[in-house]
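What follows is a group of structures, each given as structure tokens.
In the two complexes below, chain A is the common chain; its partner is chain B in one and chain C in the other.
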Partner chain A sequence: MSNQIKASHEPLIHVTKRDAMVWWKSWLIRIIAVIAAMMVGTAFTWILTGVSPIEIVKTMFEGSFGTERKIWIFLKDSAMLLGISLAVTPAFKMRFWNTGAEGQVLIGALASVTCMFYLGDKLSNVVTLLIMLAASIVAGAIWAGVAGFFKAKWNTNETLFTLMMNYVAMQLVAFCIMKWVPSGSMVLSPLNSTTQTGWLPSVFGQKYLLNIAIVLVITVIMFVYLKFSKHGYEISVVGESENTARYIGINVKKVILRTVIISGALCGIMGWLYVAGLDHSIETGTVGGNGFTAIMVSWLAKFHPLFMVVASLLICFLQIGSGALASNPSLKLNSSLGDIITGIIILFIIGSEFFIRYKVNFRKKHKEEANKNA
Partner chain B sequence: MKKIAIELKNITKRFGAVTANRDVCLTVYNGEILSLLGENGSGKTTLMNMIAGIYYPDEGSIFINGNEAIISSPKDSFKYGIGMIHQHFKLVNVFSATENIILGLDDGSSFDLEKSAKKVKEIADKYGFDIDPAKKIYEMSVSEKQTVEIIKDLYRGADILILDEPTAVLTPQESDKLFAVLRRMRDDGKAIIIITHKLHEVLSLSDRVSVLRKGEYIGTVNTAETNESELTEMMVGEKTALNIYRGEPKNSELRLSVKNISCKSREGVKLLDNVSFEAMSGEILGIAGIAGSGQRELLEAIAGLQSLDSGEITYYTPETNMEENLRDKTPMQIRELGVRLSFVPEDRLGMGLVGNMDIIDNMMLRSYSKGKGVFLQRKEPKDLAEKIIEQLKVVTPNANTPVRRLSGGNVQKVLVGREIAAAPTVLMAAYPVRGLDINASYAIYDLLNQQKESGVAVIFVGEDLDVLIELCDRIVVIGGGQITGTVDARCATKEEIGLLMTKSNGGAKE
Partner chain C sequence: MSKKIYALLLAAVMVLSVFAFAGCNETTENSSEAGGEETNDFKVGFIFLHDENSTYDKNFMDAAREAQTALGLTDEQVIFKVNIPESSACYDAACELVDEGCDLIFADSFGHEAFIFQAAQEFPEVQFCHATGTSAHVKKLANFHNAFASIYEGRYVAGIAAGMKLNEMIAAGKITAEQAVIGYVGAFDYAEVVSGMTSFFLGARSVCESATMKVKYTNSWFDIALEREAALALIDSGCVLISQHADSEGAPKACEERKIPNVAYNISTISMGPTTAIISSKIDWTPYFKLIIEKTKSGKGNEIPFDWCGGFNEGSVKVTELNTAVAAEGTQAALDKAIADFKAGTLKVFDTSKFTVNGETLTEYLADVDGDFTGETNVIHDGFFDESAKDQRSAPYFDIKYIDGISAL
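What follows is the complex of A and B.
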């Protein structure tokens, strides 16, 4: 070879794969990521608006922890998000991308509201609540089950399918409200507000406590179901490799359908909680995007129900905090700034996974360090 | 003295805690064929990938024609005149040979297919390749595709050619043809590196042999001055007996009969065409053939994973000799019939095991549904996992390690161990030693022999004809979905089987 090629430089950075990291190290990286994200996010705001980082952090914390009432709202919101995240998790573990939790919860809520609307206070509170619950479970299960059926039978794309079902559910809700509210205001005022039939009671004087308790029970059940039951095992095998599942004789179609129906039924229960425990009414925005946020929570927690508690608390804290930033009149901040900070934090958390899995080497390597990590 | 084409100095490459190459030095001269010999997992391919620009070395340097070279992408490597033919071809199926060869080529000349085709033909004639430049890739056999890959590199002016296990997919006849071409290229002054773990190929083809073991450079010897046992010792690190034990079949009786089975793929291509054979208890039945000739479909049909268009599969229960029809039954139904059929599939981590699950959970795959109640029983699988780890000497930190973290040989031990633990009467194993080092391979042969002695009908799908001939009692040859012959392994030759492998008109399909 005659042509001489100039010796180019060694690449500035090159990335190598790490061995499995000890758990505390990986959590340390994640915590550092959150702190770094807070610093970057607040510094960013500081530069743009002149509001000091301390003020921002303080406002965000006050949003969730400022008063006892705020703490309860924070816990309630986290619980609802957690519940929906748990509902999508069995499907996700099976690599069935259920993006239709929003619609499944909403249709569950609609089923409950329908029961309340037509039953009124004819039956006792407990019976009404149980009928509502059953209706919600069935509605949620059907809403998800349709997508599951098509997936199992003809291998349709479940992401699109479940996503589209969201809009159908929303339109159905709009239709029902239009039918039920003769004035045309499209606002359904809380049903049975005098007798409180079909309302979950307050426990220890706390309106939200029962909601939170129910979600915590679901968390434990889901943890046990996924980890210790035969069903949970089948879900993992189908999710990891359909070929292996077939090889050992699992009926893959049956498992897909069953799991998706369980996922939808749980969404239905969450819809019931929205109606019986919180709103006693319905609007198209009842779920408020939690059906989508839940996807992120489930992923952040790597489909582990107990980590999901932490993840939903964090996400809720960010959501409420960014809301508090936008609505604090003394700061005079644009309402988008809260979202920007939230975005930065989530980006850092997801990005930190890269540093857990890979190691970045710079051109001038330190041999001692390389040896230490090897 | 010949000129040095490429020189590696103290190359180190790590993947996490695993060191794939440590301080490797290697020299290749122009006009020679160098064999890079080593067991699976010894770092041969990693080392070559660093020359080809796929990986970048953590430490060390590469010299090409005496100048230090920084190869950080395949493009750089091509600049230095290096061409690598990977085990898995990278060709566009609907394009012709010429189109594939000039694809992505940016040499400043205008696009002229005819001129390119002529140049391809010239290269082919010069070295004695057999190629039709206008033929589409999907119409080609594996060996023709390989030819296209080699010419692709020559067309780009490669002076250093690296071939990764080039004979793995070829018949003995095709291998001989390839070797003739490679010798001609050597005489033309090119430097050729061939990665292999087959000793007889090393001895018949190469001028020098460099040996790697566990990522470290062991040494280089001249082929003329060495022999198989010396090379094995370098490769394995200890003296190893290379003979496979084969006992006489005892109390053979019919266990499984396959009659005239046929099936088609979704596109309507015949995968199995009128296949019939019988498997006897107490013998090892080999199935030989070019990769993708229907071996997988055949085993999956018996295991209840492939639906058939016609034919019968009958199982004869030991002692009672009761006949059970296995066709159109699911694996669950077959198990419920009391048929003890074990299957070690080709795709270990994608079918036989779940890579992300630990050894205990993988043991549970076969037994999880046993027992009443909705909860899993982890006690029995745990005991089984520990038994297998101990008896088969599986190297693992503990039974809770995900199997994907284990080395290939240990993964296979886990899988074979689980299948044997089910006390089978029929044991099917597809390429059970693929990717395993010599000691692990012999451990698997021993396990298969033990099963044979205890009266199991063993069906062994293999790719290495030498092994098939040494290990099996009878060999059924499959070609293009048809059985092209059955031979007695005790008196068959490799050439005879090689001819049978290509006998069918369909040829090999992907």
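What follows is the complex of A and C.
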């Protein structure tokens, strides 16, 4: 008898899959998640350090929006992250786990720097920039294409393959710097700093405007490409099921290779932007981990180019905010604390996706009573 | 459908906001240039490559705090920016410090130089100072300055402590005179490192004639595992004493493990190796920070030298506390004498009568002082190689690989 009761015993909590949620509801859940995460994160800091939550939120906001320059830097940083996120997305949508964006951007940057180093100011600025761009695109495409070729031909594991290519790219950069800087300091000073050949110009007096504008154009193109083009459709079919794709006559190998090359070429463009638009030089850390952060941005936005705008703004806000916390002399905080808050917020956002997809049901009271009576 | 419209709207707002900011920029830019003359609201900003977990950066931070206390500045007047990479992010950080009202900005890493210079050109009313750099004395921009210390003298003094330890080991019969091999863990094959290792070796050999040295590079300024491995490799190849020019605890800890005496750099490592750490040489940046803050505060920022090099006399070069439990008898007295000689200017580290290159005494050496990768300045005169000379530049340019007695492992 008692066994039977246990069998029909409903658990305290059970989870069911939701039907598609109205868009505003799902966004409400996400916003609530961010606010809740800020509260938990700042309360945590408050308990540990005694710095009030208001002070922390204020400092983080000032870090990104405090001055006009800060807003520009914030938008520039977000744009760079967004660009790389867009670059990895077509491959991701196809379930090709490209973890090599860091190396693909870096090798693109190296191609640009190589052009600047050897061309110097022999050609006009525009021609130099175009040659650099072409070189970067080819370099990024090759770097990703090698992994894509092996995947299409022999079904090698692209995650490990692309990951390892990152380290090859870094070593190549180190090798080139060693060759170009005979003093052994391992620091390559910005190239052509007097003539500014191969430098993207300031627009409306703004150094970073062109970088931001180019990434926004890429965003729109990527949105249209994935959403409305035949290629975009093929990518999603291959991502859903390779067999289905084969059945409806899609050349899977061709799609994999093509998409990975596009992904790498875009990374190459971002590498070009790092060199022509920002650093005019290179070091092994030029990409600064953005190649990996981009994976998170792409996932958070569910591979949707326009949501990636929001996601990269958010991640950059958190990164800059955590730096601002560490740099505020009156707070006496370490940069690790900002990273903890960032971690909590991202955890909450990922967690909120669970509540958007699933419904949590609590055991109903009357049933409990019914069980008791039985 | 509504989802799509929402997203498109968002994108449109982004684009518009970009241009809106671009439009309003020109009017606001000039307003920030006016301030900075008054001394009451004086502010100094520091740009650090890492945070306090790096011994290199911590050495600068400690000095900045000391200068702050000595000159009575409040916490609000001293701004730290940590974890600033050697890229355009360094330029951004410098500009932000200007926006926050800094009259003086200091950056601590070699790779920051070009970006600090870029900011210095843009903000002529703010003083920019940079450690370890090489270009200020060539560029001659009134508000851009380099600094270093004659740390090679400190290395030489630390080398004396090492040499005396070797002598003690020989006298005790632990090693023969020929086995007095020093191991040196270097970061990069770079003048700063080569100058440091050579002066350390010359210090050791000034007391222990049979000493030789093997060098191994890690190709990184900070890598605990690599520095540890390099130290162990040197020990395994027969080195009986280790020193290093790299910023982690990798080598000192490996030495403590193998019970091999160690001479360190920038921080005292006695707590890491109580039975093996002898002494460290270090640069104390407090005197320079005091100088640049005082000059800038009194409105004489342009009087800061283009290129400043502090030594024992200025208090810029120091040795840390001697670990008497490990050091040989009489070490302290020998160190004191050498320091006194350096202060008096009677002792020269790179005395050409004390070392040879390929068996020959140097009479001329063209060093690359202006930083174009080709030697152009003869720096040997009056019987010594004039490192970090006043009329040249502070960052080391002794890059002879190697003087006789030193070899790569």
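We take it that the second predicted complex is superposed on the first by the 352 of 374 C-alpha atoms of A that agree within 3 Å, B and C clash if a C-alpha of one lies under 4 Å from a C-alpha of the other, contacts with A are read in each partner's own complex, and residues count from 1 in each chain.
The criterion applied here is as follows: a residue touches a chain if its C-beta (ideal position, glycine included) is under 8 Å from a C-beta of that chain, and two chains touch if they have at least 3 such contacts.
Owing to the predicted nature of the structure, the values given are computational and were not obtained by experimental measurement.
Once chain A of one complex is fitted onto chain A of the other, the partner contacts of A:Leu216 are limited to chain C, with no touch recorded for chain B. By the touch criterion defined above, A:Asp279 lies against chain C but remains apart from chain B after alignment on the C-alpha atoms of chain A.
Of the two partner chains, chain C is the only one that A:Ile73 touches; chain B does not reach it. Greater residue coverage of chain A by touch, when chain B is weighed against chain C, goes to C. In the overlay built on the shared chain, the residue A:Ile47 is in contact with neither chain B nor chain C.
Once the two complexes are overlaid on the shared chain, A:Val309 sits against chain C while remaining clear of chain B. When the two complexes are overlaid on their common chain A, residue A:Ser241 makes contact with chain B while staying clear of chain C.
Using the contact criterion defined above for the overlaid structures, shared-chain residue A:Ile13 touches neither chain B nor chain C, since it reaches no partner.
Of the two partner chains, chain B is the only one that A:Gly249 touches; chain C does not reach it. Common to the chain B and chain C interfaces on chain A is no residue.
Across the complex, chain A is touched by residues 14-19, 56, 58, 64-65, 67-70, 72, 76, 79-81, 159, 303-305, 330-332, 335, 343, 345, 347, 350-357, 361, 364-366, 368-369, 374-376, 405 of chain B.
Those residues of chain A that touch chain B in the shared complex are 1, 4-5, 7-11, 14, 16-20, 228-234, 236-237, 240-241, 243-244, 246-249, 251, 361, 370, 374. Those residues of chain A that touch chain C in the complex are listed here as 23, 67-73, 75, 174, 181-187, 189-190, 193, 203-206, 209, 212-213, 216, 219-220, 278-279, 281, 283, 285-286, 288, 304, 306-307, 309-310, 323, 326-327, 329-330, 334-335. The touching residues of chain C, counted against chain A in their complex, run 2-3, 6-8, 10-11, 14-15, 18-19, 21-26, 28-29, 51-52, 75-76, 78-83, 85-89, 92, 95-96, 99, 110-111, 113-115, 118, 188-192, 219, 368, 371, 373, 399.
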